[in-house]
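One chain, chain A, appears in both complexes that follow, with chain B as partner in the first and chain C in the second.
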Partner chain A sequence: MTSPSSSIDPGPAIPLSQRLAARGLDGLTLLVVPAVLFLLLLFIYPFFYGLFLSFNPKAGGTLANYQRFFSDSFLYGTIATTLWLALPVTVITLLMAIPIAFRVRVMKHQRLLTTILVIPITLGTVLVAQGLLSYLGPQGWFNRTLLTLGLISTPVKLLHNYWGVFLSLVITGFPFTFLLTLSYLSGVDPALEQAGATLGAGPWQRFKHILLPLLLPGLAITFCLSFVQAFSVFPSAVLLGAPAGPTRVISIAAYQAAFEEYDYSMASAVAMIMGVVQLSIVVAVLAARGLLYRGPAGGGKG
Partner chain B sequence: MTIHAASFRELRLDRLSRDFGTHNALKDVSLTIQQGEFIALLGPSGCGKSTTLNIIAGLLPATAGGIWLDEKRIDPLRPEERGFGMVFQNYALFPHMSVTKNIGFGLKMRGVAKAEIERRVGEAVALVRLQGQTGKLPGQLSGGQQQRVAIARAIVVEPPLVLMDEPLSNLDAKLRLEMRAEIRRIHNTLGATTIYVTHDQEEALSLADRIVVMRDGQVRQVGVPEDLFSRPDHLDVAEFMGFRNKIAGTASSVSGEHATVAIEGAGIVGRVRNTVTPGLAAHVAIRPEDLHPVAAGSAGIKAQVISTEFRGREFVGFARMADGTDLSFLATERLAPGAEVTLAAEPDRVLVYGAAA
Partner chain C sequence: MVKDNRLSARLWAFANWAVIGFFILNLFGMIATVVTSSFATRWLGTWLPAGWTTRWYSSAWDEFQLYDILSVTFQIVFLVVFLSGLIGVPAAYALARRDFPGKKLVMLLFLLPLLVPPITFGIPLATVLYRAGLAGQMSGVVLANLVPTVPFVILVMIPFIEQIDTKIEAAARVFGANTFKLFIYILLPLLAPGILAALLLVLVRTIAMFELTFLTAGPTSQTLVVALYYAVFAAGVRAVQSIDAMAVIYMVTTLVWLLIALRFVNPTQIVARAKR
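What follows is the complex of A and B.
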């Protein structure tokens, strides 16, 4: 209160702690402090530091880094290269996850399967990449099997090109996408499908008219999270791809600026551009999601 | 009213069974339902009534037995091929569709022309009195309104059979009475054959033409409400129909329709409902409203008062017999806890069941 109403007796003062508690500030609030500090120190500060740094180039005006990025096809081309990897990978993992989640939803040993699927996440991208290096190589099991079966006459080249990175991203990204999709699918009341069936809707119509509209908002979120993961691909692009050519993704450009040219300012600019590209895709998807029905996926008052 | 029920003569359940691995959820359930009947499947939870309904709807496969609609065997058909209307316990309205879209869904799936859908949805909306709510999403409706949408959605396709799974259990007491009358009114208007699952005997008694009492996956008794209410065949059915006092004793004599059961020295006379053999164990079943305190020293069941509750017109008393059997009865005044009472009922209001029940 700022009004000087000194003529009215305010009565016994309410203790500060109670007044703070009424505004949602009490002892429990302190539990948030470590997280806030952590965010400030390790995310917010570095972010603004990088933003600031990117506008202080080694040479030239404020926007010199950005001008350089967008005038050099070797640099701006990485955006398309990365999108060309991240978007198909995200779409394909999602398209694979949906039917499998549909099947797994009605399975009895769901936990066993989800455990098996979680393992690739825990292994990390580097181990998966190493495994793929020998598995997909010209002398690897994959090619040897195809050759033995007579399906191919010369080994298929799946390493050190687009497909190596693509496959590794699908393998490491799929479990995450799948688990999210499964959890969204489990959130849809099974009675809705049953109601659809008693009203004469076949399996495809039930999917199209009932499940899909209720799943789409969740799938949009899944898409965003999987996309961001795939977009920041680095280890598999280096290990399994052709980092000088077709899989020269944007994170490699940032890495080279920072640790080969020692131009941290340029590297920050690349990171900022990377962030803007990711953000614009995510914002576009979330905006489209805003047009969908987003209420509860239950059949009524439970 | 142009909504009407598709016609058939009878629906026959032929020794339906359902095995849930370890236990039999349903055992040899046979039942014949005539066109236009309102049938209530009544029983405590876990008795198999919902399982029966889901099997009829096609949502659960039976492990044995068959379902026949006249001469056509329908149990191999998928739910979407049976075309029965179903009202779910939680309504299962499509949350992303407006009231109009929800109600019109079944017609759309049947490929009915748009103008025709519009006309029939309009009629259904009028029938369940939801005019003015048609643009809303289910989440914006009250429980009673959601219930009306669910009913309209099930009947607008003119199904030969309407299945209702405890449709009133999520509503508060007042709304439940209102919707009960509404369901009966809609049934009277359309004449659609209805199978209604409930655990509430009052609901079953007031709505149904015939009641099927189930227990442990089996049909215990089928009858019109009046019969079930006053002449249950089995002790457990009697208990379920409101004969809450179940007192064990020994049959002492049987003469015609009546038998005398010795309970702690007193002879209680009642109507015989199954085979009662003198000298063997028997139970008497009495409704609380038929059991009254009588003068001390007269024939009756002796018990000790635990408490009395005021119920407006009368008092409901709770008492315990020496062997621990709890009784409830009707009294005209408040009784002191701990007091000894003698309770008795008119012989015609007492049912006697032999040990076999």
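What follows is the complex of A and C.
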């Protein structure tokens, strides 16, 4: 770092360290090196390792894993199963979150509500699954209340099928979506909406022409993050769903390949496919986001 | 906010509150079910259990070897917290203060582990750790858990460091402090609140981190949440109340740290991990 520049350099003799410092590279910048090395070693390297491993199957040619995945309905069907869970959950939680975030934004005691909503996220999917197992069961308080109110005559079956996983995803997903939406919404200057109201716009017009366009880029990001979370559902699909059938999601297929068949090559292939599906939805949403307005959301001059 | 008192607006407001109320009611119902069941002698087909007892806690404590599991959990969690601070804070400082070629690429490297869900990168990561002989023991679990927490610390700390006036550091430099002394005497005291908040968030997230620990843990390196998963998975082997007692212990462990964390951070910070 501190060696002076060599004599071949025709310019004035500025030490290399100074020239590097002018570009932002000095001793202080090196502090970033451990973190970069760590992630290269434990994030980037495993990714490429997995990628290569997936092309070196236990038996067959280079693409044998992928051929097996896309010819076996028990395997390729998991993509549709997972999408069929993740997409409705994401859309529904987002549709619930937007109006409620608008309501809560102007609330005085926001913090109590946000604290309550952060609880299921903190507890995590395993505990939510475990709690729902008794709560939604045929003898649980949920069914019991509906029976007492006379809304149903026999208990609704909500466990070990699609709906168990769906509801657990809503319980952990809604707070996540809501808090993200709220944080984007608080970045929009309320003066813009007030200006709209002064000029005679009704609530729906203000939402449609002022707030929604400002919020859409943030909502696109929220959609991506919530979708990716829901798509990687694992514990609740095993505990609350029917992991052999209707809720055999893609992460279960990857897990079984790795830890039940000990076929790490196949497991890597499934993980890669999982990543590609997630990425393609995210890219599609972000590409659509590129078409949206992305200007300042503040009301200041200039 | 613009006031609106028409009937349709009131109905709409009511509908919103009804949705959020229904959500919270079910959330508390679910938690209350677990807590009630853990104190129940027998609870079948009635609103409330036949009787109350605390014996499930002592039986869960013995059956699941909770003392060992809790001590493993806290060793792992504190190691993760310490190491992610040690690696993350200096990196965040460099990124907040310097502009260098390739910085965007480095930022992308730190964003990716937060955007890609753990189960997706966890399977190749676990494979590598098994090949290296690290998985199945505590070191492997710690390494796997650091993958999302180091970037998390960095991304939380960058804006915090950026708001500290550079003149203070310049003054220290003028008086001859080197980078190490600058860190210890100037930055650490100034950054302490930010570091505390970031590390508390890491702590809460690591206690509840299921996927990465699940994929890399062996029998002696299970954390509480993984042990809970196995207990629920093998339901029928143990009494339901016993599992529920373990779940309550897990809830208390997590929520105590959440309450401590919430004294220093805003709840939205727990999810708003990677803006933009």
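In the analysis below, the second predicted complex is superposed on the first by the 288 of 302 C-alpha atoms of A that agree within 3 Å, B and C clash if a C-alpha of one lies under 4 Å from a C-alpha of the other, contacts with A are read in each partner's own complex, and residues count from 1 in each chain.
What we mean here is this: a residue touches a chain if its C-beta (ideal position, glycine included) is under 8 Å from a C-beta of that chain, and two chains touch if they have at least 3 such contacts.
Since the structure is predicted, the reported quantities are computational estimates derived from the model, not experimental observations.
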item: Superposed partners chain B and chain C on chain A - clash or fit; value: fit
item: Three-chain overlay, vertex chain A: chain B-chain C angle, C-alpha, nearest 10 degrees; value: 90
item: Partner chain(s) touched by A:Q194 [first = chain B, second = chain C, both, neither]; value: both
item: Touching partner for A:R23 - first (chain B), second (chain C), both, neither; value: second
item: Between chain B and chain C, more extensive residue contact with chain A; value: C
item: Touching partner for A:H209 - first (chain B), second (chain C), both, neither; value: first
item: Shortest span in Å between Cα atoms of chain B and of chain C, once chain A is used as the common reference; value: 6
item: Set of chain A residues, in rising order, touched by both chain B and chain C; value: 194, 197
item: Residue numbers on chain B that touch chain A, as the complex places them; value: 57-59, 78-80, 82-86, 88, 90-96, 105-106, 109-110, 137-139, 143, 146, 150, 153-154, 157, 163, 170
item: Partner chain A, residues of chain C touching it in the complex; value: 1-2, 4, 9, 12-13, 16-17, 19-20, 23-24, 26-27, 29-34, 37, 44-45, 47, 87-88, 90-91, 93-95, 97-101, 103, 106, 109-110, 112-113, 115-121, 123-128, 130, 143-144, 146-147, 150-151, 154, 179, 204, 208-211, 215, 225, 228-229, 232-233, 235, 240, 243-244, 247, 250-251, 254-255, 258, 262, 266-268, 270-272, 274-276
item: Chain C contact footprint on chain A (complex, rising order); value: 23-32, 34-36, 38-40, 42-47, 49-51, 53, 96, 99-100, 103, 106, 111, 113-135, 139-142, 144, 171, 174-176, 179-180, 182-183, 190, 193-194, 197, 203, 206, 221, 224-225, 228-229, 231-232, 234-235, 238-239, 251, 254-255, 258-259, 264, 267-268, 270-271, 274-275, 278, 282
item: Parts of chain A lying in touch with chain B, wherever the complex brings them together; value: 189, 191-192, 194-202, 205, 209-210, 213-214, 293, 295-302
